[in-house]
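Next come two complexes built around chain A: one with chain B, the other with chain C.
Presenting the complex of A and B:
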């Protein structure tokens, strides 16, 4: 057949990449856009220039250099820091192992579907950008080589764990999720149990990450349950879930934190063991976030066509399996951007724990400026800039990863 | 019983099942209401084992509603539905049992877009019949050979043409080894050149001895493959007969009118 076709192969039209053409098309396509370009371009350039000049020339970074430990761990007892390094190493191994297993599964699925992932170096560098920037940015302020070596060592262990799990057979990988969860639990136990430091004495980035990750891990499954409950055919379940969601969505987080801090203990029976301050704050974050997650997921559930449920019913799947195997996976894929948005929002909302007296990253950034050597000299600018960049890099990282995940799961393409 | 008999006479072979003569599906006085609109006005029909019945009629005549009642995608309000000796009641166990024995193919395919074709097919055997993964996949590959798309096994539904998707959907239903297959306008969403490949698959299925109820506008398929054609209008059965009789010599005015419009 192919030999019979002797027409020349069709050639796509060549589009010249002329910078002048590009400029004309994108920045000077009409009079208004030319004016906007001429006004905005210098403004952007000046702002960027001044920001960079501040970062590398003007800023007095000694406030960060001197107080780096405070930013990272707050009032955490310094003689117990060894526990943190061990926990960091355990956590790196746990998360590395999990990431390796996920990457291997993704690679195999993509290859089986006939479209290998083929991540180029550019893609890899872009992906590694935010976390590398974060680690390097923090280590730049470290004094001595010890923290650098320990950090690099922990990350190396994590990378090694990822390399190992990536090479496991699909069967061998089955144990990995349990090990990852175990590792996360172990790292928490290493810090706080066995004569360790209770969470009330944690601070800085450590307590920020603890609240964020802890609340996310608990709020997501709970939120999904409430989303399903709101669509239940049983009126009592439906009303209960609706009341929960509307109550926690309708109250300001700061009020809820006050309730958890001051009012909740009054309502508990006297002989009831009142949970610790940090636990109460964590529970409030979980309640608040799960209500939002429930609404986001409910939107996703409604976006799944009726035919999907019917096809699952017709195949004889039980109602729970219809939801778990057919409806929920599609619903969650559809709402990845919303869920990640909620995660980022929670990450930033954890700054409110300063009202219950905890020194999180933001609280530290203000308190260090009250030290004698920095008092009254406007160091708040440097301090807040550093913290803002840390928040931004982590948020941006989450956002980038969510876009990757979306692209890979093919949202909108099928 | 007398009036029943009288009606049977009136509309031909209505209660005489074809196929092997054994009863597979029995519908007695089935009624369905959507609020105050009556979608089914007391339908009686018996389908025999290995019989292929095509249900035709204008849109809104209750064809889809009728077959959707058989596997409880719609709940009938009055009458009896019995599938292979199991009566369809509110008992969840009976519903599950009937659904396991009844495959359904939809107009819009309804493949699960987040799963590969292979996973679409093995999902129910693995989770309902508890088949080991390997066994389920071997069976799935055999079914894909049968519907002639084995090379699509690892792709996602969105990567397939409409005709391929519908054949994959048929394979997915067959994986549950159903005794009855229900087709709800399986070719209505397809481009013309893809209709034939789906109809061929259905014809082979009918020849293999499957009991089938097909709602379709493909009169060529009805003429060549069906054992009986049921003509429905306004929620009731107007006429039931073998395809030759109903196409060349329909008794009812409404049937004649419909056929004159569609042929």
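Presenting the complex of A and C:
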């Protein structure tokens, strides 16, 4: 065995770079393949050409240019926008620090597994491409240099935070998750507290992001509790948690949102102040997401070997410490990609608040076409295209990062 | 070390608050009491609130006349709420079932195409997957709906081609008219099917006895076609094709697909297919390499290798995940509410808007979708169990 590992690596065969060879191999390897190529190539070329021509030439983007603020923040009072910029900077630092810590952990895991990662510049550019293009694309519709400078400044702070936490020792990184959560909470408080703007006046991309981040943060601990409950040795607790998880996984989210909208207030005492619409929707998102998080975490718990629990018992740890110090850390690391997947699906699901009458990004894309200057001229095509691209880029980017993370954390491999 | 509970007689010495059995019991009782208390509190709040607001808390409203019509069905305003909800769940099931079938077929095709030797086919297939699965399904539903409304011509100048008719009031497709003998003909077809099965069984039994080529499929198909053909001639065409014809603003014949139905179905099929394609691709890659090599060694053509060796094994791996996608599709059918497709939630919403009590209506919607989910997961589990290899 050792000899096989120590043997010098075989020289990989040189790939033919000759374009004719490449064509014959990949496009004209057989008659059916050649026919398919000849039929598909023009169709693909025409489609791509039309799409690019629409984006660059034909599309009447003035609907986006005029209404950019509506798409991004909805009815948010314009004299309070300063709060949003500060909150964005705080949020960028918090998320940047979190991302830096995750990246450092992933790097160390890969190094420990003997597969050090050296990301070249090409890979870095490919990774940063989608979000940078999105920001540039949105800023291209902005008027004036002020938003550009502020955005670049906030994102720069985020990048700096990421760079700092990447260089921290594993001990120093331990405080990062708490700081990230604190930062997210602080940015929310900056917007809504201290004479700020209540959530009912938020809209556009802002409320989409609020639901996504808020529901994830709250659903995560609840989901872990239900996952542990589902694996409990106490039958009654197990049944109760299973019922909760299966109920929320079996119900369509939009029906649950209707329940939150129309009948959740009925379940509260008559003298209790009715929570606002945004809070009610957030509660439903939290319930729904926590059921899925519970299932994902349960998968991770099952993947932790029996021996781990037994070893922890042998060390004399209390049951709670066994779970918290030995089982959970291993289980959670294994399910990070699954959790990112759930984040993507939650991000896409936030569009459903349109149906209960809130003005999220998708709802704005429909309502702006009813403005006098755009009414009845088919501007919905441009508006929906813009919004679809925003959704697409963000979730495509997240799913790419999650695949990378999966490979780095070596999930399923040891 | 004395006193550690090694024998039954030592057990009573453990203090009550450290006895595992008592602790377990107490914890579970506490859990039940907590859950029940929460439930009682919620329900008492609910009844208090309903009483205070004068909302009925029984289900008698189901028998009341609905007072609204449902697009695309015979349901009239004089029908009861109960009948309206039944129309709603039928509409949900219609999209779910047709959507599952189409999404499965499309997903398999795209998943296989992603692994094509042809670079262009593989790229187009992965473009399809990446494009669709990263867009919220609701965006897809709305985009398709708006495209039907804005891009397709008005009904007066509908585009007609090959028996299809396109307009912003919907798309009409060729369909069939059932004649008088159609019921008898259905019986004839069933008889033909039975005859075909008998023939196939007999041929296969013969093959096992003598080893002669069975040609079971060929002969069974022939049997079925003969019975079907004779029945057709005898019964004086029981089924006639019906093509849509434009007459002013009305369309005669054919079958209509309303924009609401069409956009919802299309979005469901494409969105789900993109996920199923990924599952199929992963499953094909998970089939051990030795299987393809063995197929090559047997001299099977690439097509045979795919159909007879790789796909059957891959589909076995893909079955549980695909079942999950079917569940998601069924739940996503409720997105039809955004474009006004009369599925269960939409009907309940309309009823609530007409003054029917929301708690009961929405509970029925949840119950309906939960029942559909449970039925689908039962079917998937049964299918899954039958597909799995039985080992030792």
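Please note the rule applied: the second predicted complex is superposed on the first by the 319 of 414 C-alpha atoms of A that agree within 3 Å, B and C clash if a C-alpha of one lies under 4 Å from a C-alpha of the other, contacts with A are read in each partner's own complex, and residues count from 1 in each chain.
Operating definition for what follows: a residue touches a chain if its C-beta (ideal position, glycine included) is under 8 Å from a C-beta of that chain, and two chains touch if they have at least 3 such contacts.
Just so it is clear, the structure is predicted and the values come from calculations on it, not from any experiment.
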* Touching partner for A:112 - first (chain B), second (chain C), both, neither -> first
* Partner chain in contact with A:59 - chain B first, chain C second, else both or neither -> neither
* Pick one for A:326: touches chain B only (first), chain C only (second), both, or neither. => first
* Identify the partner contact of A:348: answer first if only chain B is touched, second if only chain C is, both if each is, neither if none is. => second
* **First, second, both or neither for A:311, with chain B first and chain C second** => first
* chain A residues touched by each partner, larger count belonging to chain B or chain C -> C
* Thinking of the overlay built on chain A, is A:103 touched by chain B (first), by chain C (second), by both, or by neither? -> neither
* Return first, second, both or neither, reflecting whether A:95 touches chain B, chain C, both chains, or no partner chain. => neither
* Contacting residues of chain A [partner chain B, same complex] -> 112-114, 305, 307-308, 310-318, 321, 325-326, 329-330, 333, 409-410, 413-414
* To do: Please name which positions on chain B make contact with chain A in the complex.
  => 71-73, 96, 99-100, 102-104, 106, 108, 110-114, 116, 123-124, 127-128, 154-159, 169, 172-173, 176
* Structure fact -> Seen from chain C, its contact residues with chain A in the complex are 24, 27-28, 31-32, 35, 42, 45-46, 48-50, 52, 117-121, 124, 130-131, 134-139, 142-143, 146, 150, 327, 331-335, 337-338, 345, 349, 352, 358-359, 362, 365-366, 369-370, 373-374
* Asked: What part of chain A is in contact with chain C in the complex they form?
  -> 26-27, 29, 33, 36-37, 40-41, 44, 233-237, 240, 247, 250-256, 258-259, 262-263, 265-270, 344, 348-349, 351-352, 354-355, 362, 366, 378, 380-381, 384, 387-388, 391-392, 395-396, 399
